[in-house]
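Structure first, commentary second.
So that you can tell them apart, the chains are marked A, B, C and D in the order they are listed, and the count of residues begins at 1 in each.
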Amino acid sequence: MVNDVHVAPPAPPRWYESLFIAVGAPFTAVGRELRGDVALAFAALGAIFRGAAGRRAVVQQAYAVGNRSLFFITATLGFLGLISVYQVATQIQQILPDFSMLGAAFIQLMIREFAPTITGLMIATRVGSGIAAEIGSMVVTEQVDALRMCNADPVEYLVAPRVLGSVVMVPMLSIYAVLVATLAGMALGHAVFDIPTQTFLSLRLVKGPDIVLGLVKAVSYGFWIPIVAAHAGLSATGGSAGVGWATTRAVVATSFAVVLLDFVISGASYVIFSV
Amino acid sequence: MIEFIDIHKRFGEKRVLEGVSITVEAGRVLYLIGTSGAGKSVLVKHLVGLLRPDSGRIVLDGQDITGLSEAAFYAVRRKCAMVFQHSTLFDSMTVLDNVALPYRKHARMKRAEANERALEKLALVGMREAAWRLPAEIGAGLQKRVAIARALTLDPQFVIFDEPTTGLDPLAAKHVDDLIRSLRNDTGVTAIVVSHDIRSIFTVADRIAMIYQGGIRLDGTPDDFRRSDDPVVRQFITGRPDGPMVI
Amino acid sequence: MSAAAAPGAHDGAVLRAEGLGKRFAGGWVLEGVDLALHPGEIVGLVGQGGHGKSVLLKCLAGLLAPDAGRVVAFGEDLATLSSVRLAKVREAYGYVFQNYALFDFMTVADNVAFPLRQRGDADERAVKALVRERLAEVGLAAAVGLYPRELSGGMKKRVGLVRATVTDPDVILYDDPSAGLDPVTSSKIFELIARMQERRAGSAAIVVSHDIDRMRAICARYVMLERGRVVFEGGEEDVAGAPRAVSDFFDLDGAGVLA
Amino acid sequence: MIRALDATFGAVGRGYLALARTVGGIVVLFGRILRAMVPPRFDRDETWRNLYDVGVKSFPIVVVTALFVGAIMVIQSAFYVKRTGATGLLGYGVGFSVFAEIGPILIGLMFSGRVGANTTAQLGTMVVTEQVDALRTLAIDPIRYLVVPRFVTMLLMMTLLMVLGDAFAVLGAAGTADAMLGVDWRVLVQGLLEAHFLDEFFMGVVKASCFGVSISVISCFYGLNVRGGAVGVGRAVNASVVANAAAIFVLDFVIGTLYTVM
């Protein structure tokens, strides 16, 4: 029992070895992660198209993603609206006090960029970590194995409803986010900088492509957040530490996925459609 | 000497201890037995200030420690160590660092000296060879021995063992039993062992107390327990599935 | 069960491991394990903690894919089965998990009914009646509407036991069914295991446990694992002739502490 | 009707009470951390390990986030710049929006996701596996031994990472401006220099240090208050990142307002 233990500490890796490991590890890790995510995405799509996600489970998940994030989105996006208008208006004031374009530019930027992306980040944080925590604790308490022994496919049973719920709710929340941020910004603009509400509420700069771009972003965040989070949860191993690490990994991976998707979609839309 | 006097403790609606009094004399090993959830661990955690009683008093070596503040309890904890059910080794540190930590924090020893003292303690439990491993790399039985070594670093007068053999295979359990026995014989510590491992109870205990439904059902020597004709006690020690016991 | 092929096609064993190996990051956890489970027998799987018992059980259930060798259940190699076929084979299994593994978002009754409902062909009224009956049998009639978090450890163990056996499976795998329980509750659990076995003549089981004293009452044959290899296989009477490490483990002379 | 009102107001009231309890607990923890820092005796091993963990592990994600933030800002303004030809605006935009606003918020969110969540998971695991109780029985104060090193580390690292992030954001912006608009990097830097970028830079760094404080206190609070096993750890991490995100937005607003007022 005792004879299988070392007598001396194992030799630590040489410094150049650790350097290579440190530089290389993130790449292999990201590669492995991506492969797992894509495989899970296909499995979930398969389950969805087979109609395997129960209607009740989907509604439940949509409620968990959407309704239960309302307060959080209101608070964060509300503050974002306040901050942005306050900062930009202060800047403009120093140059020349012409606020006529402020509201229009603000609303356009909200629709195409900030509302979907910040909402996506917030949902990644709240819902992504929640999904990883739930599924991760089911893995380490062997509930996922028990599902499999009862012939219930974990992807059908756990992942597909969450994906459907989130794909529907994230765009809704993004639309809601535009409203909240705009109202907050408008109220602040009116109270502090005397910007008339009619001037602020201008849709002059909003074109069709802006709306499409915002929605495309929201839908793809809605799809990928639960996939990436569920993948982190399903890869949890060993005890309470495992759930913690899975949840942590989900927060990082989902937030990162949102930033990456934002970059890819914005870049692609500029290159292809020049908007 | 350890004295629990009329301890009451409840968690929300659930009354766990309803007037428990036990005395452990110096240099003795008391086994605390009872069904799962009877409140054995709850009782011993009062001794190191991890839980506070709703009423009753705890006297350790003549000193009433019931109402001590968290800060004042740190002095008590130096002479009263606890070995937890799941070993609770710090998983980011090697076995050696785990055992050396109390030396470095309390005696302000240099690393080399602390390590040397820690190795002595590890040798005591037969784990010197595993000093540079991480807790996750050794089995549950060996982890338990390291946890015992760590609890002994400050040379405590009193040691509490919370289910030391639960989840261990018979061989590892026997090692732990031997350790507890030699600890009493060689260093004269006073120990309370929470356990429902019948084999350890009857091979190691000087005295046994059984907690049942919030109170002490029987408190006596192993022979008292063997001879007892209380049906609840009999059912517990023979482990029969049917009987008067409410579980 | 429908999944069981005709006896004789696989020399009578319902479940068989052949040269089974499983490797994790740290090295081989199982190496060259051969094991056969015949109808009507209960095999005790013993060994030190962390020496591969739970991993073996998961491989046998197809929850983990082996890295070497194969698992043959009812004459079919698990690795070659399609997911539909594997699901069919799994219907013949019951698995009692070490940490209960009850679904914490379902009531006790729904937990037990889950494997029945998953088969799809059951009539809801019959399912409810059967669930009630089986839960009453283990003294949990009052717990049907409760959630797992409201139960004690012993109660959760019993619910897990009922869920695994409610479909009357051909093979039941018990992963440390009495871990951490007091002597009285442990005895109750082992008594239930024996009763489950009587209900369906010909069903087989593997019990992983450290509780040698209680296993004696139900196991005719033991398999001992050490560092992922089988070091002993046989009945209690063979222990005396086995190597010291094995006989120590069974500790034949230690049973008399109460005398 | 009255019952319905009662239920609604009851729920709202309970929500506020819970919020008040949490905020109160966080403030109390902050006080205990400050008290434990006098006299400043840190556990050297624990502090080093944390500095390494936090610094090294969050380095890649901060760098990548900063690069993308710079790039996305340029993409967003590319349309106007191309139409108006006002290439000078690029540097101005990067200085203002990246250094002072979006940069700190996104880097703070990423840092809270990487380091804050990790801290909650670590401490939470130590609580449910009774390692924190074990520390207490070894007569070692968990606040002094576990929390103070993490507090110091996060404050320091968040500030440093913000400075680093700014540099990489400029790099990302310059690269994108060159690739998409054919604007030379010197034009961008020129615009940046003309736009009082130091003000924005300092504002961003001040925000980042405050986020470092809030992230460390909030994540330690949720970690130390975990209840209920593995499930509890996951829930605590979830709650911790949500609270951190909310705190970042609120703090950002408060600091931004104070900064302009002063």
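Definition applied: a residue touches a chain if its C-beta (ideal position, glycine included) is under 8 Å from a C-beta of that chain, and two chains touch if they have at least 3 such contacts.
Computed from a prediction, not measured in an experiment: that's the story for all the values here.
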More C-beta contacts across A-C or across A-D?
-> A-D
In terms of CA centroid distance, which chain is the most far removed from chain C?
-> D
Please compute the C-alpha centroid of chain A, do the same for chain C, then give the distance between them in whole Å.
-> 41
Taking each chain's centre as its mean C-alpha position, how far apart are chain C and chain D in Å?
-> 48
Round to the nearest whole Å and give the separation of the Cα centres of chain A and chain D.
-> 17
For chain B, which residues are shared contacts with two or more other chains?
-> 91, 139, 141, 171-172
Which chain D residues reach two or more other chains?
-> 129, 231
Multi-partner residues of chain A (at least 2 other chains) = 1, 141, 241
Spell out the part of chain C that touches chain A in their complex, as residue ranges.
-> 48, 58, 61, 63, 83, 87, 90-91, 93-95, 97-104, 114-115, 118-119, 163-164
The residues of chain C that touch chain B in their complex are 26, 46-50, 152-154, 179-188, 190-191, 210, 212-214, 248-249, 251, 254, 257-258
For the complex, which residues does chain B have touching chain C?
-> 34-37, 137, 139-141, 163, 166-174, 196, 198-199, 202-203, 226, 235-241, 243, 245, 247
Can you list the chain A residues touching chain D in their complex?
-> 22, 26, 72, 75-76, 79-80, 82-84, 86-87, 90-91, 109, 112-113, 121-122, 125-126, 129-130, 132-134, 136-137, 140-141, 239-248, 251-252, 255-256, 259-260, 262-263, 266-267, 270-271, 274-275
Touching residues (chain side chain D, partner chain A) in the complex = 56, 60-61, 64-65, 68-69, 71-72, 75-76, 78-79, 96, 100-101, 106, 109-110, 113-114, 117-118, 120-122, 124-125, 128-129, 180, 229-235, 237-238, 241-242, 245-246, 249-250, 252-253, 256-257, 260
